[in-house]
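For clarity, chains are labelled A, B, C and D in written order, and residue numbers in each chain start from 1.
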Amino acid sequence: MGNTFGQLFRVTTFGESHGRAVGVVVDGCPPRLPLSERDIQPDLDRRRPGQSAIVTPRDEADTVEILSGVFEGRTTGAPVAMLVRNTDARPSAYAEIRTKFRPSHADFTYLQKFGIRDWRGGGRASARETIGRVAAGAIARKWLRRTFGVEVLAWVRQVHALVAKVDPSRVGVRQIEATPVRCPDHPAARRMIRLIERVRAAGDTVGGVVECVARSVPSGWGEPVFDKLEADLAKALLSLPACKGFEIGSGFAGAAMKGVEHNDRFLCRGGRIRTRTNFSGGVQGGISNGEDLVLRAAFKPVATLMRPQRTVDARGRFATLAPKGRHDPCVLPRAVPMVEAMVLLVLADHALRQRRISRAS
Amino acid sequence: MGNTFGQLFRVTTFGESHGRAVGVVVDGCPPRLPLSERDIQPDLDRRRPGQSAIVTPRDEADTVEILSGVFEGRTTGAPVAMLVRNTDARPSAYAEIRTKFRPSHADFTYLQKFGIRDWRGGGRASARETIGRVAAGAIARKWLRRTFGVEVLAWVRQVHALVAKVDPSRVGVRQIEATPVRCPDHPAARRMIRLIERVRAAGDTVGGVVECVARSVPSGWGEPVFDKLEADLAKALLSLPACKGFEIGSGFAGAAMKGVEHNDRFLCRGGRIRTRTNFSGGVQGGISNGEDLVLRAAFKPVATLMRPQRTVDARGRFATLAPKGRHDPCVLPRAVPMVEAMVLLVLADHALRQRRISRAS
Amino acid sequence: MGNTFGQLFRVTTFGESHGRAVGVVVDGCPPRLPLSERDIQPDLDRRRPGQSAIVTPRDEADTVEILSGVFEGRTTGAPVAMLVRNTDARPSAYAEIRTKFRPSHADFTYLQKFGIRDWRGGGRASARETIGRVAAGAIARKWLRRTFGVEVLAWVRQVHALVAKVDPSRVGVRQIEATPVRCPDHPAARRMIRLIERVRAAGDTVGGVVECVARSVPSGWGEPVFDKLEADLAKALLSLPACKGFEIGSGFAGAAMKGVEHNDRFLCRGGRIRTRTNFSGGVQGGISNGEDLVLRAAFKPVATLMRPQRTVDARGRFATLAPKGRHDPCVLPRAVPMVEAMVLLVLADHALRQRRISRAS
Amino acid sequence: MGNTFGQLFRVTTFGESHGRAVGVVVDGCPPRLPLSERDIQPDLDRRRPGQSAIVTPRDEADTVEILSGVFEGRTTGAPVAMLVRNTDARPSAYAEIRTKFRPSHADFTYLQKFGIRDWRGGGRASARETIGRVAAGAIARKWLRRTFGVEVLAWVRQVHALVAKVDPSRVGVRQIEATPVRCPDHPAARRMIRLIERVRAAGDTVGGVVECVARSVPSGWGEPVFDKLEADLAKALLSLPACKGFEIGSGFAGAAMKGVEHNDRFLCRGGRIRTRTNFSGGVQGGISNGEDLVLRAAFKPVATLMRPQRTVDARGRFATLAPKGRHDPCVLPRAVPMVEAMVLLVLADHALRQRRISRAS
């Protein structure tokens, strides 16, 4: 249970970090969308391990195969299943954690929940599961762009105490992808990379914040009262591994504001009703208002450390964990395409949900 | 669509601010739970308008009637429908906004979405909709307490720049309910009340942060990978009116930490495996680990101001809104029972979902 | 659980036979539909007890109140809650069955499932629960007729061994409603009425078959592979009390046919692609093909007899049930609006689901 | 949409008849169940083409690969994905139907719905899609047998006008599997086989009825009021290709009975409350009563004929279809494992749903 996301653009992921394969089934993808593996692979490449010096060296090409749902280069309305075989799985590297719980990992809780645990590299709890999400997100991206002109962009806004200066309304993909840390404020990016290298050398890890903008989202997406657009976005982002916080628009800073400052005044610009400011972050009452969606997700530092850690085993006896495996010192650069994917999945779902309301009745 | 929350403890709310009634249907409430209106009313009383000098003076008793699902004082497994009649509805007070959009309200977006708008006091977008949630939450509270000993407590942690000092592991309901602002740090509470009174006198409003703890939650609740406990909590809280942010455990502060500090070391205490710190906030990999759940929700300042505001009407022409209606200068004290209700609904749902996994299996 | 039906036109019913009220929440009703109680009451009147000499004499006006979701005479997109108060509840009439299980009723199974049982007249298992369905179906009917010209008509085709001769493509509502047994073959109707009167005089009951046609259903409704239109219709009808069978098009008779006879040959008529015969019953591969939907539902004889019956009590001891309460000797005439309602709910749901597929995309 | 079945034992199928692969993701399979491909393959072998002289000669081994969710021979609670590669796909055999609609197939309706059509052998509408269902059903079978002792058996009860004599309470798997037509009444089986051979020689096809029993189903499974056990069974079976009717217990024959005959009298046998007869077919009020579930599904004759047929093309012009492809003259023998699979999926789902209700409350 819990491996499916969305109502009308519905995504089901499967697969473990060191099993045979990971993958996804996308049910509800609109028909007649031109689609091939070439539309999916670029986003997977931005997510994959080994892409730069500051991420995990696990060597996976993450080559995707579309198994179904596409005929003569177009989607048919049938479910699109996509598969990525694991090729650099090294389950033996995890033999030690067969009996010991890694701190702040899901080892203990999975065992408590299921009474059994796939100890190979986190199994299902691994960030490797997000391959299916990113592949599905790439389909959502193509459909949203072609149909509505929607553009979704994320970047690293903060690593540890280093906070970048970024204007969400102007930032472009090229600035973001220009550095391996995916921070479009390049002086800040250099400091972040140095910090990540220092942290890695110390066997430590570090957290941060990803920021995301969605542009050209039509007004009217989002469903009162439980499936508000911001509610589904919050769920989407908190479902990512290591995510501990979400905010939209003014977010936590808005808690320290007064109504007079915070209210987004309406005006008419270019024949459209717009708002002068955007503290709302593009949603009011759970429904998009036509302004940019702007949101942020906080990620804790990666729990796997390259230094010995004290812990307990399944019987509660103290034990020491030796550092092993191949891990990211900072998940932020690879979290960027994951955040984009989740935002895209929410938007595609709500775009389809809004279609039930016709202008005629 | 979007008026139902939960999978196995499933809540559907209905009703508008100035319509005939608001209410809720709870489907999936476990059978044989002793239940009467006396279990529901206290939480509604904590949510209701007019309860103190710092909230809206709208005069509603919010008396609940259980329509179904209870027989001879116990739930039967049938849906529990609950109804609260609106008695102090004054739709005429809203005549002005029939044609004008209130800034940072849902007026504009509802019209964009549905092509029609119930302009009486926000209609469905009003916080009055949360009556159904709070009533359902009271059932969840009773069942969770009796069955698992779970206790859920929320309080006001911050109003504007005033931040209280509260220890989530020790705070009790009496300290919270001792002041109308529901802040258990009483010196801070006094400052908050003075601030709210000043803000109200200025026709302005102010935001803040609610913090919440859930104690005695068993380990094993939460579903990988999309229905993580923290993901469903984030969705639950962001679905509340005016909520702009969510965090659990270390949250956004965790983004500025290193793995060595952040990892919650396991140890064995009282025969149980516990963690020494709780930066995880009670969840690891989306599943409860037996520690306290600790989370926070940011609320923006109330959008209704008691001073004239510039806006536009449906044709995009500039207009001025005269201050009218009866509103809270600060939603925080009344948000406390709403936050508790949403956390309770998520926990009840996941408690039932976990029951499908038997120890014997 | 299980009290909600539909994905996008979503109906949740509540209430027990002898509780305070029965009702329904309709979530997903399209906005801007003109709606008042006058649209609902006629279908409830066709379902209500006491409407003729051949149904139960329980005296209920079944007057519906719309609680929400309608503003200035039109739906707003918010959930439409509807309530019917029980006024002729006589729980004391059921005191005997507090401890005894009525044969072929749900007394035993509800107790086995929930460990508790509302013994007042069947509680939730009573056909009185269908009031919510019929009220919701009346909304679906109005929307489907206005938007697509869809017309749904059901009638009694069979009572015991008496089978009427009816041409589903020509029958009209006036012929059906002309007799209290709702059979448009009037000579057969007279025989049916005499049979029902005889059976009632003997304290016995009798089963039958309802047939239903849906006209002007556009092609393209229904979702492969599990949510086929016929699959959702089958579920809808089998969810009605006392229904034991469902068939569409050729149904069970089709099992005894050969492909050469059964295949519906395509032809072009009036510029549209049609089929010459309609053994398919309006669906092919789970999707409507533009022909009339034709389906049938079998109902067992009512289980409540007006003569003593042998049974056991909760401890398994033999007991005798005295005849009591007020019941239908034959459920068929009142099942007609229930069947229509369920078919309407399925069609409204699939109409909305099909809207996600735009011609443009 | 529509490619997922079940709430807690949730099955999502994907893949087309002549695409790369077909498969399924099972989400919600209980953890710690011993499982390997050897548990799945036997049911796939009973479903596969080419297994006998009276089914289609398409040559597919239908070898299943488990991709995820199993670790060290046991399920982990993670989704179980299973894949079967298509090896004898011959899309070119279908070139003719690229532009012509086969009568009583889904060609026309898929095009109407999606605006595009995978014409290779029916694409998604092919019975080949049921491979995923049968694979998932094999998991459900193993879990239900080990946990509850549930046994599900189906057989061919009728082919055209030939009706077998079978006692559902006594029939065993060996009698069923002893003949290629899967009819345990062996004299009838011989006549059925001869009929199928004759029909095939004539280029024609023939329909029939599958009957199914589920034994040792505990009382208490099924959810009032919409998710009744018989309602979910009806949906499950009507979702199978070519199924046109469903009945449970007395079914359509019950419509011609009186209450005095039809009521299943309670008695106490072996310390358990049982019924003397079983016209209810194992369910009362939508909930299992501990008696055998007995149900039947009607299948129309296969629509593909081995003789020329008149039809129209996409522009509505008359055309003739030449006989091509490899097809079953009678789908019944291969429908047997499909029916079992669907019944097993419904039972597994309701078994898990019932677990939420604890004896303790």
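Quick note on the criterion: a residue touches a chain if its C-beta (ideal position, glycine included) is under 8 Å from a C-beta of that chain, and two chains touch if they have at least 3 such contacts.
No experiment lies behind these values; they were computed from the predicted model shown.
When the contact pairs of A-D are matched by residue number across C-D, B-C or B-D, over half of them reappear in B-C.
Of all chains, the one whose CA centroid is most distant from that of subunit B is D. One finds 45 Å separating the Cα centroids of subunit A and subunit C. Distance between subunit A and subunit B, defined via averaged C-alpha coordinates, is recorded as 26 Å. Between subunit B and subunit C the centroid-to-centroid distance comes to 38 Å (mean Cα coordinates, whole Å). Residues of subunit B in contact with two or more other chains: 1-4, 8, 13, 28, 31-32, 77-78, 110, 113-115, 124, 224, 353, 356-357, 361. By the touch criterion stated above, subunit A contacts subunit C in their complex at residues 7-8, 28, 30-33, 77-78, 143, 146-147, 224, 352-353, 355-358, 360-361.
Every residue of subunit C that touches subunit D in the complex is listed here, in rising order: 1-5, 13, 101, 103-106, 108-110, 112-115, 124-125, 129, 158, 160-161, 199, 204-209, 219-228, 230-239, 241, 243-252, 254-260, 262-268, 271-273, 275, 279-281, 283-290, 298-305, 307, 309-312, 316-318, 353-354, 356-357, 359. For subunit A in complex with subunit D, the residues that touch the partner chain are 1-4, 8, 10, 12-16, 19-23, 25, 27-28, 31-32, 65, 67-69, 71, 74-81, 83, 110, 113-118, 120, 123-124.
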